[in-house]
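Shared chain: chain A. Partners: chain B in the first complex, chain C in the second.
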Partner chain A sequence: MRRTALVLLLALLAAAVLAALRPGSSYAAQDREQSWAPASRTHPAGTDALGRDRLTRVAVAALLGLAGAASAAAGATGIAAGVGVLAAFGPKILAGPLLLVCDSFLALPWLFLLMMVRAGLPLQTAPLVSAAATFLILALLGWPACARAVHAGASAMRRADWMIQGRAAGLRATQLMGRHLLPRMLPLLIPQLLISVPVFLIAEANLGTLGLGVAEPLPSWGSMLLELDNSALLASSHWVYLPVALLIAFLVLLELCVTEA
Partner chain B sequence: MRSLGGALLVLGRVALLVALVAMGTLALVRFAPGYFADAREMDAQHAEGARAALAARRASEGSVAALAGSVAAGWLHGELGVSRQYDVPVWELIRPRLRVTFSLLTRALGFAWLAAAALAVPLSGLGGRRGAAAVTLGSAMLLSVPIGALATLFLLTGMGGPVLAVGLVLAARDFKFLYSLLRREWRTPHLLYARAQGVGSVRLVLGYLLPALAPQLLALLLMSLVAALSLAVPAEVIFDVPGLGQLAWSAAINRDAPVLLAVSLLMAAAVGLMGACSRPAIRSSSGSAADLEAA
Partner chain C sequence: MKPIRDDHNWRGWRVIGWRGWRLALVIAALTTGLLIASPMHAQSGSGGVAWAIKYDPKTFDPAKVDDQASELVRYLTGGVLLRINRHTQEVEPSLASSWTIAPDGRTLVFHLRAGLRFSDGSALTSADAAWSIRRVLAPATAAPVAEEFLTPGGVTVETPDPLTVIVHLPRRVVSIGRVFDEIAIEPQNRASEGRVTAGPYVVAEYERGQFVRLERNPHYWKHDPGGAQLPYLPSIRLDIVANPEQEQVRFVRGQYQFLGGISPEYFDLLARTQPQSAHDLGPSLNTEQLWFNQAAAAPLPAYEKQWFASTAFRVAISEAIHRQDLARLAYSGHATPAYGFISPANKVWFDAHLDVPREDVAAANVALAKAGFYRSGATLYDASGHAVRFSILTNAGNAAREKMATLIQQDLAAIGITVTVVTLDFPALIDRLMHTENYEACILGLANVDPDPDSMMNLWLSSSPNHQWNPSEKTPATPWEAAIDAAMQAQASATGMEGRRQAVDRVQQIVATEQPFIYLVYPNALYAVSPALAGVDLTVLAPGPVWNIESLRWQKGKR
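Coming up: the complex of A and B.
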């Protein structure tokens, strides 16, 4: 099951790359004469309100979303690993405040926290800056739950025989962490990383539907889903459902890969 | 005496968390671009004295510490401040909206739990792997649709309102956890033995399954409530429901510090108290936390 999901996911990604790199296609090129155009040979999934090719935009949104979510997940897992290990192995006086900081992040509902922080940053910025800010926020706010799990795992390892033996043998902290602790933490960190990717992907889409995500003309899942608020278009073209259908496909396949892993 | 001390400790921890959230929110709002912009200062219709007073107030609230001080002084006198956006006391904005959001959350949670339990109890107990796989796939698909997109679709197609949008996402989420918990419980030796003895399913669920899983279910309910609070924000914005979520969104967009602070403190206190309530429930059953994590 996992292998099939992985193959399908890779096939979707390859199709997205091919669609984004089609000769003559551009996610930002406008053709005002062709707004809301139906599917045709030049625009296989039709165009949006500004006459931009929907297929190219969806493909770029998919690639950008996945790359951004994966980077944010890696960042969040890295921060969580640092904080969790520091709380478990660092001076005892540090553990309490670090865990309290984790809890204060977790004290607000996730989407509310994201919305509050994203709205506090400049909204009228260059598209790439807004994309970087959105995914950076996801990384900076998404680590506390993972850090709690890492802290629990690392605390258990603190009392493990190999750790006590290593300390007794006079290994330095860097040797213990780098050579012995990190390899043993990977089975905990990798699932946390994989779980975070779909969570961040959908969080970006949610921010986008509230108008707080990636700025135009750069396409993102959130901005693509904003097309759904045109009732006339919903009735006239089924292609408007392409972004949401692809998002569901990506997330279900990602979930299948992650669950099985 | 020990339980009183424990309760005070929990309350102290919640208060500390709320204070940290307050400082974070204040710092965020204070440094947000546009926080110092006040349209009234540029409005020639206001008297020069009024504009000077506005400028003086802005200068006095320049640092985060000064802002926190003035907010804390107001809160100690029972005043939550005045909304910068609507120019009315914050409590007057929050009070009617509390009822609206509470009603939305209660109905959505009720719908979600009924739907999740109606599917998870029979599917986990009576086998039916295909049925379970179909519902699991359906719930995964529902969870893959951003709540904003789902709410927009419901609004335009007239398929349902905010309760259904929030309830469906919650039901999908709760089904995943419930199904996993129940499936494991149905396979415990005493329940297998009871089933082999011909004890009825209803009696098994009411007499054995629910009491055994009560702590996990309580913890799950509280987690579900936190998720509902999160989902209520986009649902209220899109359906134009005058609730706390919509108010918070508008306050965040318009840098309305007093309102944003009051709403985030309310949310933090609610989540902190729910967490404090669920902890003993989880601890009372060994392995429950691990069960929920695993689910």
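Coming up: the complex of A and C.
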């Protein structure tokens, strides 16, 4: 099942790359005489209100969203691993404050915090940089839950036989961590990483639906899902469902990969 | 009869028993209770009409109205001495049968109709009118409308007889008649928050967050030509519904008779499915505009301030914007390109002969070159070599504004300018506009309720905090802003209409020449009205299709 999900996920990604790189396609070009155009050879999924090719925009949004979410997930998992391991293996005096910081972060109203941070970005920030900043903020705010799990897992390994033997053998802390702890932590970290991808994907889409995600003209899932807020548009074209259908497909496939992992 | 699952019966399903009935009865009773309490089942009475308002009225006290929902309730319930006819846009007598204003504009005499009564049957005399006016003027009431008297403390009111009210003003107030459209007459010393009124309806019931129910005033002074008591409709239910989708569904089901503030896309859908209900009245009084930050204290680089202060730069931007595309794509054609602050819907003040910069990309390029800007490749540079790039702010969640900003982004790319579109939540946006002044350009709209340009005084005077491109100037920063100040003061002090018109036309021309606001579109007034109603006379002025509520009635056989 996991293999099938992975294959389908890769196939979708490959299709998105092909759609985004189609000759003559552009996610930003406005063909103002082709507003809300139906599906055609030039525009296989029709166009949006400003006459932009919907397929290209959906493909770019998918690639951008997944790349951003995966990077944010990697960053958040990295921070979580560092903090969790430090709290478990570091000086005892450090563990309490670190876990307190985790809990404080968990209690933060992250959506409002995100909105505040986004509002504080320089206004002339290029759309791609603002997208990167959005995912960076998500990573910086999204690590504490994972850090808690890592801390629990790492604490269990603290008194493991292999750890005591390693210490007795005179291995340095870095050797212990790199050679022995990290490989044993991977079964915990990989699912945490995989879980974070759809979480960040949804978080960015949420911000986008509030109009605070990726800036125009860059497409994002959030900005395209905004179209679904208008029932009149749903009646006019079935292609407005394409972004949400793809998002659900990606989420289901990611979920399957995580479950199997 | 729907079977319920019985775990003690191995066959799985059986017909409902007594215990099941008891449960079902309890559930039914609870459900009915909930439904009765829900807005959909708040009875407006047989033959009544209903529509939705977005939020609860903040107050039912007509003197303290400061929001749209409260204003609507005041309009439907309040009896006023003078009423602005929303169709002709002229002031007409209402509770007053006639009124005069002295040549110096400082004394107003109102003659009340004979036999006026409040909704509880008590007589309405000049004492009630004087008390209501004094109450509005009293500082303790903090009535927003008091400001329109300019010096409310100096206003005195006399009642020489039960049918005459004389108001003395310390100084002339332009269009003073319009102010009395906002002063509801209440029974002396019995402020009732809309429960006892001299208008067409009274507040009968209010459930917070759910609905307001109004009932016909049986003693309303108006009668139709046949002598029948107005209003025709016995009751009105205003449901509090924040979700426009819900509102639209209820209109289509026939539960609501009016729909306002419709999105252009939904309007098109409605026009296809119920063409007789959908009405596009053309341009409203509202405007959508782009402006550059010209505040001296703005934390912007000096070269950017120089661009924004340059008339040639602003005019070139205006010429590069394709307003027809904004109206067609951002509003699905339900907007009208705008070139000035007074909309064609404003019959009295619109100037059709303004000399305005029209779309002309070639002219924009020439103007920029003359002003020292030059192109290198696809990028425009100023004389000191800075690439011309700026951000346009707008509020998140307004689809039309976001689309306009994206269209302008491409329009300006054609003259070598790079634009970043930034959407912010409203509080963050206002913070940048009003407090930090840390922004370059902004797109927002202005909702104009009053067609009289005097109501825009706080926008045009350079000393005003609402003078958005450069708020609260100690002295006008430019000669043309000084000229606007002078012309606005002139229209406020002119004694004749011709003098006022000349002054307002002058302001319109200065704004068109200098482009401190680059007007983009006038969104059209879009309404949906049940075709079962007769007597509908649609107008763009608030409260839109219900402005003549007393004359609306059901068509025969439609209800």
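Here, the second predicted complex is superposed on the first by the 241 of 261 C-alpha atoms of A that agree within 3 Å, B and C clash if a C-alpha of one lies under 4 Å from a C-alpha of the other, contacts with A are read in each partner's own complex, and residues count from 1 in each chain.
By definition in this document, contacts are C-beta pairs under 8 Å (C-beta built on N, C-alpha and C of every residue); 3 or more make two chains touch, one makes a residue touch a chain.
Bear in mind the structure is a predicted one, so any value in this text is a computation, not a measurement.
Novice: Kindly classify A:L136 by the partners it touches after superposition: chain B alone (first), chain C alone (second), both, or neither?
Specialist: Neither: A:L136 stays clear of chain B and chain C.
Novice: Determine, under the contact definition given at the top, whether A:L86 touches first (chain B), second (chain C), both, or neither.
Specialist: After superposition on chain A, A:L86 lies in contact with neither partner.
Novice: Go through the superposed model and pick first if A:L63 touches only chain B, second if only chain C, both, or neither.
Specialist: neither
Novice: State whether A:P127 touches chain B only (first), chain C only (second), both chains, or neither.
Specialist: So A:P127 only meets chain C here.
Novice: Once the shared chain is lined up, is A:A205 touching chain B (first), chain C (second), both, or neither of them?
Specialist: Only chain B is touched by A:A205; chain C is not.
Novice: Does chain A have more residues touched by chain B or by chain C?
Specialist: B
Novice: Have a look at where A:A15 lands relative to chain B and chain C in the superposition and call it first, second, both or neither.
Specialist: Neither partner.
Novice: Which partner chains sit in contact with A:A119 here, chain B, chain C, both or neither? Use first/second/both/neither.
Specialist: A:A119 sits against chain B and chain C alike.
Novice: If you stack the two complexes on chain A, which partner ends up touching A:L100: first (chain B), second (chain C), both, or neither?
Specialist: A:L100: touches chain B, not chain C.
Novice: Identify the partner contact of A:S236: answer first if only chain B is touched, second if only chain C is, both if each is, neither if none is.
Specialist: After superposition on chain A, A:S236 lies in contact with chain C alone.
Novice: If you lay the two complexes on top of each other, which residues of chain A touch chain B in one and chain C in the other?
Specialist: 115-116, 119, 210, 231
Novice: For the complex, give me every residue of chain B touching chain A.
Specialist: Result: residues 16-18, 20-21, 24-25, 28-29, 31-33, 137, 140-141, 143-149, 152-153, 156-157, 226-227, 229-231, 233-234, 237-238, 245, 248-249, 252-253, 255, 260, 264, 267-268, 271-272, 275, 293 of chain B touch chain A.
Novice: Provide the residue numbers of chain C that touch chain A in the complex, in ascending order.
Specialist: Against chain A, the touching part of chain C is residues 245, 248, 263, 265-269, 325, 328-330, 389-391, 393, 396-397, 399, 402-403, 405-407, 409-410, 420-425, 428, 438-440.
Novice: Where on chain A does chain B make contact in their complex?
Specialist: Result: residues 100-101, 103-104, 106-112, 115-117, 119-122, 149, 198, 202, 205-206, 208-210, 221-222, 225, 228-229, 231, 234, 244, 247-248, 250-252, 255 of chain A touch chain B.
Novice: Which residues of chain A touch chain C in their complex?
Specialist: 28, 30, 32, 35, 49-51, 115-116, 118-119, 123-127, 210-212, 215-217, 226, 230-233, 235-236
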